[in-house]
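Next come two complexes built around subunit A: one with subunit B, the other with subunit C.
Our next item is the complex of A and B:
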């Protein structure tokens, strides 16, 4: 019998994953999500920032990691804009401009009181990773002479006073690849720029080393980090796109169920392994 | 000369960049900012190289009808369609290019990434075995992290201790120590490799004949 269990057809396993993932999404089931210290640190940094300050939200990701990272962009953008902090959107990922557009489409609807060019700006994509990050330290106007829509940065009111990292209070890199490392190496180490990150759950463990040294002022790890941040934003009453927060909450429940299912699979697999080994020993 | 030229160029560029890092001299600042501009321009050209290489590889696959050539047709057609849409209507919000990105490319990308969950579940069931002490430690830590990093984990508590707290401690201390070791190793390796390139010891970037 244990041999049968051990060689269970993978299609049954896949079916289990599909059910565990789909059920909470269908039932819209939300579990409480308490904030962890790295998330709280980033939230507090933005929450204690005076209105009028400028932050750079670098959406260094593409559609493959969108489910984890896009909710982070929504939550951070809403937090900052609600507090009157100016946000510069940019990306170092070639397919990243579309991600910015998705967020901005909803931001425009949810924040009619915030004006493009005065409260937020879309700088778009520039190739050259390290050269872009280092270039911003010298003069952002040389790296991005125009915004994503072709307007000269000189003609964008909020960018007239922003020239380099001295005027940028915080850089947040959302990524599922090595982009946050590059921001640490070239913006933090070279120019002393405060940097934070939102990383996929797979990448987050790597960045605890930078969190411990204070090089990252905070971090959102995976969908859970996004859900925790969204919950903090909701609690202080800054959530103007509630469907995003609701969706993240439901997705976290889905992830909970799948994790429990995988843990059960591991336990069952190991029980089968021990019984088979004992039978072979005899 | 074919070999000496690039080696000399790499040496001069490498040494110039090291010197400018330690000097605020205006000439060196200008050299630095110009070098950054050149870097960005060259990066943009590498996209052209990538696109040509991608198309050549897929066209060859289709013409020789190699395994999976049908997928290559999809790649070529997708590339042509997106290029035509982008050049004809632009890439701004609301354009056909933007719609294709948001409603075709984005869901496809997310779907492919999501498939990992299925493979992960199957692989965990088959490969995660407590064969020895090391594997057992890995197994226990994996279970703590898996449950501690989802909301349901916050229901598991023993007095002052909670599963998310334990998971966070593992991430912030044992994990961080291991990651730090890796990062220091990678950084030392990168410094060594850079010095070898500047000094002309490492020549693999020259390609054949280097």
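Our next item is the complex of A and C:
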């Protein structure tokens, strides 16, 4: 029997993963999502910020990491805009402009009381990574002379007061690659800019070191971090796009189901391994 | 259940299924989706990044201004980097490959000059400091946990660093410490692997949610 288990066709395992992932998505149930300290720290930072302050939300990701990072962008943008904090959207990733547009399309509908150019702005994409981050420290108007739609930054009311990091309260880099490292290297180390990150689960373990030293003021790690932040935003009543919070909550239940399945597979696989080894020993 | 009528949703759903069909076995649908993805990515990169973000605003537009008024000071600044860029293209021909060494030297020198001091500050000095001192706890109730954590971090960092000390044989007290260091490293790798699994599962869930919710409209 154990021999059969150890030589099971991997396609059955894939099918099991698909069923475990699909069930909670179909039944739409949400397991409790308690917030962890890194998420709570970022939430508190934005929650304690006075209205009128400016944050830069750098959506440095592409469609490949959308499931984890897009809900973060939704939750942070809603939290900030609901509190009257001005948000500058930008991206250092080539396919990032599309990601910004997806969020802004829903933001425009959910926040008719918040005006483009007065409460939020889309600065778009700029190639050059380190040059862009360093350039913002000198003059953001030189790095982004126009917004993503071609309007001069001088003609955008909220950008008249924003010139460099001195007027930017917080930078949040959402990324599945090394972009947050660049923000730490050039914005935090050189200009003392407060930086936070929303990273994919693959990148999150690398960033705990920056979190412990305070180089990151907070961190959302993977889908779990997104779900925790969305739940915190919902609890304080700032969630105007409830569908996002609901979907990310359901997806987290799905994630928990698949994790239980994987743990069971590891246990069964190890038991099979030991039994087979014992049989061979005899 | 309300199936989507958006043709783009259908295209994305069918391409997703074509990619996942590889899990069963390699097949022409997977190959088609794979080639389409590579083609679209390269096309997007060439047009959106190279042409629209670099060639037009950084080269073509300033050159156009220079053509109209040749002594426009701001646009004259484009000339040195443009020459360096053309020299970089020398790599295409083996006879002129030497030309690319100049721009390469400039890029490396500038990159190293910018990154090395910042890297030392963020990844070495700050991290050493963080091994001993870090953000104090917000509430008095967790002060004891804070100091315990700090002590643990110090012990673990020391053990792991000693594991990479190869100038003395790992025997006796040093041997026992390095065994601990190896265990701590394995714990770290385990945590990183766990997070990696979580990330991959998240991507699968994202696609499944798209298929079930957006495409098939299952609520």
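Throughout what follows, the second predicted complex is superposed on the first by the 282 of 282 C-alpha atoms of A that agree within 3 Å, B and C clash if a C-alpha of one lies under 4 Å from a C-alpha of the other, contacts with A are read in each partner's own complex, and residues count from 1 in each chain.
To be clear about the criterion, contacts are C-beta pairs under 8 Å (C-beta built on N, C-alpha and C of every residue); 3 or more make two chains touch, one makes a residue touch a chain.
Please read these numbers as outputs of a predicted model, since none were measured by experiment.
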Next item on the list: Once the two structures are overlaid on subunit A, check if subunit B and subunit C clash or fit side by side.
Entry: clash
Item checked: Contacts of A:66 with subunit B and subunit C, given as first, second, both or neither -> both
Next item on the list: Return first, second, both or neither, reflecting whether A:134 touches subunit B, subunit C, both chains, or no partner chain.
Entry: both
Notebook entry, point to check: Touching A:258 in the superposition: subunit B (first), subunit C (second), both, neither?
Noted result: both
Notebook entry, point to check: In the superposed arrangement, does subunit B or subunit C reach more residues of subunit A?
Noted result: B
Next item on the list: Give one of first, second, both or neither to describe whether A:36 is in contact with subunit B, with subunit C, with both, or with none.
Entry: first
Notebook entry, point to check: A:102 contacts which: subunit B (first), subunit C (second), both, neither?
Noted result: first
Next item on the list: Go through the superposed model and pick first if A:16 touches only subunit B, second if only subunit C, both, or neither.
Entry: first
Notebook entry, point to check: When the two structures are overlaid on chain A, which partner does A:212 contact: first (subunit B), second (subunit C), both, or neither?
Noted result: both
Notebook entry, point to check: In the superposed arrangement, does A:189 touch subunit B (first), subunit C (second), both or neither?
Noted result: second
Notebook entry, point to check: Touching A:268, do we find subunit B (first), subunit C (second), both, or neither?
Noted result: first
Notebook entry, point to check: Across the two complexes, what residues of subunit A are contacted by subunit B and by subunit C?
Noted result: 14, 17-18, 21, 64-67, 94-95, 126-127, 130, 134, 201, 204-205, 209, 212, 221-222, 224, 255, 258-259, 262
Notebook entry, point to check: Residues of subunit B touching subunit A in their complex?
Noted result: 32-33, 36-37, 39-40, 42-44, 46-47, 91-93, 98, 101-102, 105-110, 112-114, 117-118, 120-122, 124-126, 128-130, 139, 142-143, 146-147, 149-154, 164, 168, 171-172, 175-176, 179-180, 183
Notebook entry, point to check: So in the complex, which bits of subunit C are touching subunit A?
Noted result: 23-24, 44-45, 48-49, 53-54, 111, 114-115, 118-119, 121-122, 126-127, 129-130, 134-135, 153, 188, 191-192, 195-199, 201-209, 212-213, 218-219
Margin query: Residue numbers of subunit A touching subunit B in their complex, please.
Written below: 8, 10, 13-14, 16-18, 21, 31-34, 36-37, 62-67, 94-95, 97-98, 101-102, 104-105, 126-132, 134-135, 138-139, 142-143, 149, 201, 204-209, 211-212, 221-222, 224, 227, 252-253, 255-263, 265-266, 268-270, 273-274
Checklist line | Of subunit A, residues touching subunit C in the complex | finding: 11, 14, 17-18, 21-22, 25-26, 28, 64-68, 94-95, 125-127, 130, 134, 184-186, 188-190, 200-202, 204-205, 209-210, 212-215, 221-224, 247, 250-251, 254-255, 258-259, 262
